[in-house]
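In what follows, chain A forms one complex with chain B and a second complex with chain C.
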Partner chain A sequence: MSSSLCVRRLSLAPSDVSAHTSMATRSLLAYSCNASFSTSSAQLAQNLQKKSKAALPPQRGTKNSVTLKRKTPARDVGKRPAPGERKALRKRIVLSNINAFEVPGLRDLHTTNMHADSVKGRVMGLPGTVVDSLRAVEAFKTTQGWNLFRRPAILMRRESAQIAEFIQEVEAAQGKKTIRRIIIGDRASGKSTLVLQALTMAFLKEWVVINLPDAKEIIIGHTEYAPMPGSNRTQYTQNVYTANLLSQIAKANTAVLSKLQLTTKPDLPITVPPNATLVKLAELGAATPEYSWPIFRALWDELTQPNRPPIIFAIDGLGHIMRDSAYLSTNFKPIHAHDLTIVRHFIDHLSGAAALPNGGIVLAATTGSNNPSSPALDFSIQVAEARAKGMNSLPTWNPYKSADQRSLDSLKNVEMLRLNGLSKEEARTIMEYYAASGMLRRTVDNNFVSDQWTLSGGGNIGELERGTVKLRI
Partner chain B sequence: MKGGELSRSLRRAITSLGGLSTSQTNPRIRVARRTFRPVASTSFSTTSIRRSELVSQPSGDSIAAPPIEFDEEESQSDDAVLKKLRVVPASPSYFSAKPDFTDNFIYLQSLVRKYATLPVVPPGHAPRVAWKTVAQFRLVVNEPIKSAKYHRIIELLHRLNHIHPALMPAEVTEALEKYKRDINPHDNKAKPGVIDEFGRAKGIGRRKTSSAIAWVVEGEGEVLINGKTLSQIFGRLHDRESAVWALKATQRLDKYNVWALVKGGGVTGQAEALTLAVAKALLVHEPLLKPALRRAPIDAAQLRTSLFDDLTAFGCIWPGRETKAGPRAPKGGLMPPPQFETHLRQHRSGCCPLRTALFLHYYLPIAYYNRLLLLERALGGRWADAGARTRAKPEPEPEPEPTPQQQRVERDEKMAR
Partner chain C sequence: MPPRLNILSIPRAIAFRPRAPVSVWRNERVIRISPSLSLCRNFADSKDPPAVDKSQNRDAQPLPHVSEEAAETAEIMGLEGPDIEQGTPVEEIVKGDKEAQDKLPKVIKDSIKSSAPKGSRSFSTSAFRPQDLELVEMEAPPPPPVMLGIKFGLPALPIPSDAHLKYRYDPVVKQVTNLLMRHGKLSIAQRNMSLILTHLRTSPPPTINPARPLIPGAPPPSHLPLNPILYLTLAIDSVAPLLRIRSQKGAAGGGVALQIPVPLGLRQRRRTAVEWILTAATKRKNRGSGKGGFAQRVAEELVAVVEGKSSVWERRNAIHKLGVAARANLNLRRR
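Moving on, here comes the complex of A and B:
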């Protein structure tokens, strides 16, 4: 180390150290030159560096920076979307296409023709009132092709007729029968649409319709949750979600619920006027989210009183509630989806633990495109299908896999409704409907129908629509 | 030169010739005879390897002059004899640049000439032979043969091969044998497919690293690939169409069921391996579909994706022109409508489907269209063939009136004759 550097270092040392020269000389190396407590030093240093760089002659082969004008950074003048605008756009349901033709001779579905043989395998329009109700319960999905046609219409396929039969059976049994089904099938095979068809028929029959439009929304942790006081195994209520559900129920079932009045005195934290209609009760719950769960329970109790209409209770995306949710308990353990009150309520009815005293249908559709891994559900489907086929040896659970026992137990006694592809006649009907709507500009002949039927994987209706209407080349 | 000197030199030459003639009759030296025999095994390369071969081989059949055998007792007078000798090589082509090739060529020519009168089979009916490639032939003769030269040999071989098999001389058979490849690929005949007792026909197809086995049975158009439906295994509609293309193009999609196993490679490769497998299995059921399958019109959508890269590479399409809605027309502008109409009519009238489809879908200006023709030729295969076969011939232009200058030239030629 040169002597001049030593002196400079010495000058940087604190005064008390430099006072004792012997000490200072020993600890010289301990002081670094840039030891400073100012936060501005880094900025200053940068500025110094820049200056020194600019002072250098321009580099060979590079453009002279003096001649270049520095661009001013582009000002962001774009208008930001308002809060929620993007989500609204994403979730927007378009049910009409004014460029599509109105299909001549398209009849509406009614209570009278619902079970008739004449509508089997035909395309039927949805009545306007039902469309409003279906929109209220979010039965239409953005992924479905409603926006391609003039007005919403459905194909009464074989499985739709089966649902119509279920409704007939429930009505015939005078409230003694609850039908529980899980709708399974390939991706885009029409599972959600079948739920929609079931809801449509229930609306037409003036049942009470309760629909959980997407199970994923319940468990991904996007709505607030709170432990329910007094629950033994801690249950969690989702107040905002339940309030929203109550408002949907009130909006969609106004016609039915406005005719029904309170018959019991529900024990609620807020006062409910006596002889209030059930719509009022639901609206009260929607308006006060903090009491939405007790009000939902009260509404349910009212609906299960004698001489009430049957209930259809449906969910889409069953796999999501057959696993842990994204919520955490106070112990930072994931909460099982079945510990959420609304899910628990649905699962009790799906598994048959709780009955519908006035009868009804409990429907759950699995999802193909947004399929969460739920080994319990997959296994239960295998078992149920093997049982339905009357096989002697049922599949057994792989003992090396950790089992979600609650999910397995809840699905033990549920039957499956498998959605197969359309038959060729049904495919032809729906393609003729596409052509009549002006969305398929081809002659619908046998050859074309069978080609498209094969290419859509044996009449998968979503693929059929994709191949004939959406992917026109 | 004076006359006396000329006569003197003539005389001297005659005497020297007389001396030579006596020495040439000497029985110790074999007389070299001119021969057409092809001599392939020897060569005159200066490389060490060839030289060593030459040393090891008994050089009995050389095109060079035979070795002179000197007797022991006459060694005294050899110097005198050698002074009189002129060494003559066995083959006259010894002095050419490519002696072996020349010998072979001359020999084949002589064969053609010799058997020119023998009956021949009609063109295309001769037994299929794979001749040696020029590279293989070069290895045999070890001479730098150009392919154009070798092609002349191939032409001769082709002519000889067309001699009627019943009358084929042994000499020709032997000569042809030398030019055939060791293994004749045309001898490998594909085993004809069979329909088994369950009515299944099997076909195997490969594409890139995928391989597919397809069983085709009569049915209603159901397809199961690896136990999955067509829509489950192929997300893209294009791949689904590829997989069953043979059935779709022949309008038999509702008449057969397909059960297939496919493995290896990627999704598109698997789909295209299935194309071939299904087509082969279908041909077992209906062999007469072969020409229909060969000229199967290529789908526009299929074109757009599978040939897109090729076209881009060729410069027909600029990269980035493909949009979500489909390919856009080039920036240079569209073809003027009347011209486009005429071209379209021509190509509708029976051109190859590739060109028509591309023409419609890319709406190519004429410059790009010409490039496309070149591409098609480069691609070879069925589209080029189909185009060549069915292309509508343009009307021959009326010959222009000969100019006075041309008339004069013609008259002069007539006079000369």
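Moving on, here comes the complex of A and C:
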């Protein structure tokens, strides 16, 4: 039955082809089946189209409605800050709080009382002229709490007395002695402040003070650099940085350098008037950045002539210059920090490769809060401490760490100065100073001192300050 | 026929509530620091009336107490006046004054009439004075018993309920720190709080605007920078609203929400004030760069609040005005 039905289907007339599309396509009699008889379908199609358009969401980029207006974002029409203004506000050093009380009986540190036993463990004020000089060499940091007190004052702790002894030794040796130290210690243990104290005493003793305020600024690639012509292993000068350093030296050491005159005839690309003072020389370098490095060398040569005052040369953040810098050489290799001339100069004096003929102190402080990874420095500190303790077996280098041989060599013969926590008496002294300034609203008694001393990790002065005066809970 | 309208009777009951005593205000810290400036009216035996030191103008100074006035008059006239060291009884004050006697309360009138002491009073009228207390010899407290094996002694019992680490910090500082916190970063909020308090300590003392009075009992502005937590508390408590407006749907009818003033608790008030201050601070322009920008703006806003320059005051006044207007919507049932 089914077969007969199939046969019947095959016998369909060609007029019915349109009903079977598969057949229609194959049909040789191709005629159009699009032509329509009536107009109704076309009208219906139009209506359908209209309806669908109305249902669509408003088209992008066209104004469909009065309510859908594009809003122009509100523009800030206020005055723009001048270039560098916001950074200046961030880096501003405030050294006085007019609300704080003047501490009665606060004496100034002076050349006469610097070494005395009476100032040990006492809080001493900084004289105004020294404060100006310290500000010029950027010894104050924004993270330190100077802005809370009426005027800058320092605690003469045990390590400060040690620095005072160093200064005494150098002066006693009459230029035969150079003391080189790396200040190490926990975070917020007062390393940068100890450098500041050393600079303070040097200013009081009328030494020449050269301070590199932050080693990080030298190596992060924020100042321009150029290869130094004629250097065998290519050295790189940082002209703007050196010029800035020279201006700082001139400003901070005016009292000392204005008394000293040129004794040699420096070979410089610009003419220097004969018998010019060293301040003039430094100012000349500050004014002409392109010759700042030769002028710095000339100034250094002058300072190392006989019968010149001792020099204190200090840096903060030593770890940064014990690794590769962010600068690149011409063949796109990172430049080692020791290939930057100013760093090279400091490292030569820290390692003892170059001497200070008139004596002096070379100080380098490590950093705790902004510590870069420098395995060479860490290892050198371990070795130096083990040696100082007189241990028989010194620590050995971990062979799985890549060794920075230049850094290791430069730190081979340097002694460390470890900053420990304050003693309870020192903690009590500084807390009494806080209370007398009106910043600590508590009775300073034995219980409270002991409490805070313990909470600050055994007298870590930064933590002590944070716990007592900075209201940092 | 009696008049239908009685003029003398009150048409409806007046909701009268006596003012709450001043001591309800709970921040004891402020009161403790300046007891002399508190709102409390002084007692007869206190040395100076509260406003004596404030006004230089003699006419503006308040009158002394009746007994003191009488003493001064007596001194001028060369007579012997009442003893100021002791309070003067009311009977003595009104002794010659017929008109004043008529206006006395009935209790006192009765007591004056029956002037002879009966000696059968059921209550005591004697008051303790500190001088009297001093006369009494106090016995020294017995020495604490020596306990072996206890280094620091035993704590005083009972231990207060808030004597543990959750209540370690000042409540205002803790609340503001938590409100400063964004994305759960408490440490950053704590740093910002520290920066705010440091800014309050180092900025010059505020100049108070008399049109924007701070809470009573506030210390003089020169004391504020040295006590930054008090400064913060003062700024927040001064602009804290007393109430909020609750919109109750369908209560007014016609699809209009009925606005009902609702009193706020202390923490709620502070919270509202801090949120207003933070909103105002975010609208300020950031002048510097780096981490402390927001803290700086919040601190500047706090100083502006104390100086009466902040826009937060307008918000507070608007809420209070609305609250007064919506007072009619309150349905206080009698109990």
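Some points to look at:
Basically, the second predicted complex is superposed on the first by the 398 of 473 C-alpha atoms of A that agree within 3 Å, B and C clash if a C-alpha of one lies under 4 Å from a C-alpha of the other, contacts with A are read in each partner's own complex, and residues count from 1 in each chain.
Quick note on the criterion: a contact is a pair of C-beta atoms (placed from the backbone, for glycine too) under 8 Å apart; a residue touches a chain by one contact, two chains touch by 3 or more.
All values reported here derive from a predicted model rather than from experimental measurement.
Of the two partner chains placed by the overlay, only chain B lies in contact with A:Asp186; chain C stays clear of it.
When the shared chain is aligned, chain B comes close enough to touch A:Glu463, but chain C does not. Of the two partner chains, chain C is the only one touched by A:Met439; chain B is not.
By the touch criterion stated above, A:Leu455 is placed in contact with chain B alone, chain C being left untouched.
Applying the stated contact rule after C-alpha superposition, one finds that A:Leu471 touches each of chain B and chain C. Where the contact sets of chain A with chain B and with chain C meet, they give residues 471, 473.
Only residues 220-223, 229-232, 237, 240-241, 244, 247-248, 251, 253-254, 300-301, 304, 326 of chain B touch chain A when the two sit together in their complex. Residues 168-169, 173, 177, 190-191, 193-194, 197-198, 201-205, 225-229, 285, 287-290 of chain C touch chain A in their complex.
Within the complex formed with chain C, the residues of chain A that make contact are 78, 81, 86-87, 89-90, 94, 97-100, 147-148, 438-439, 441, 470-473. Across the complex, chain B is touched by residues 186-188, 421, 424, 446-447, 450-451, 453-458, 460, 463, 466-467, 471, 473 of chain A.
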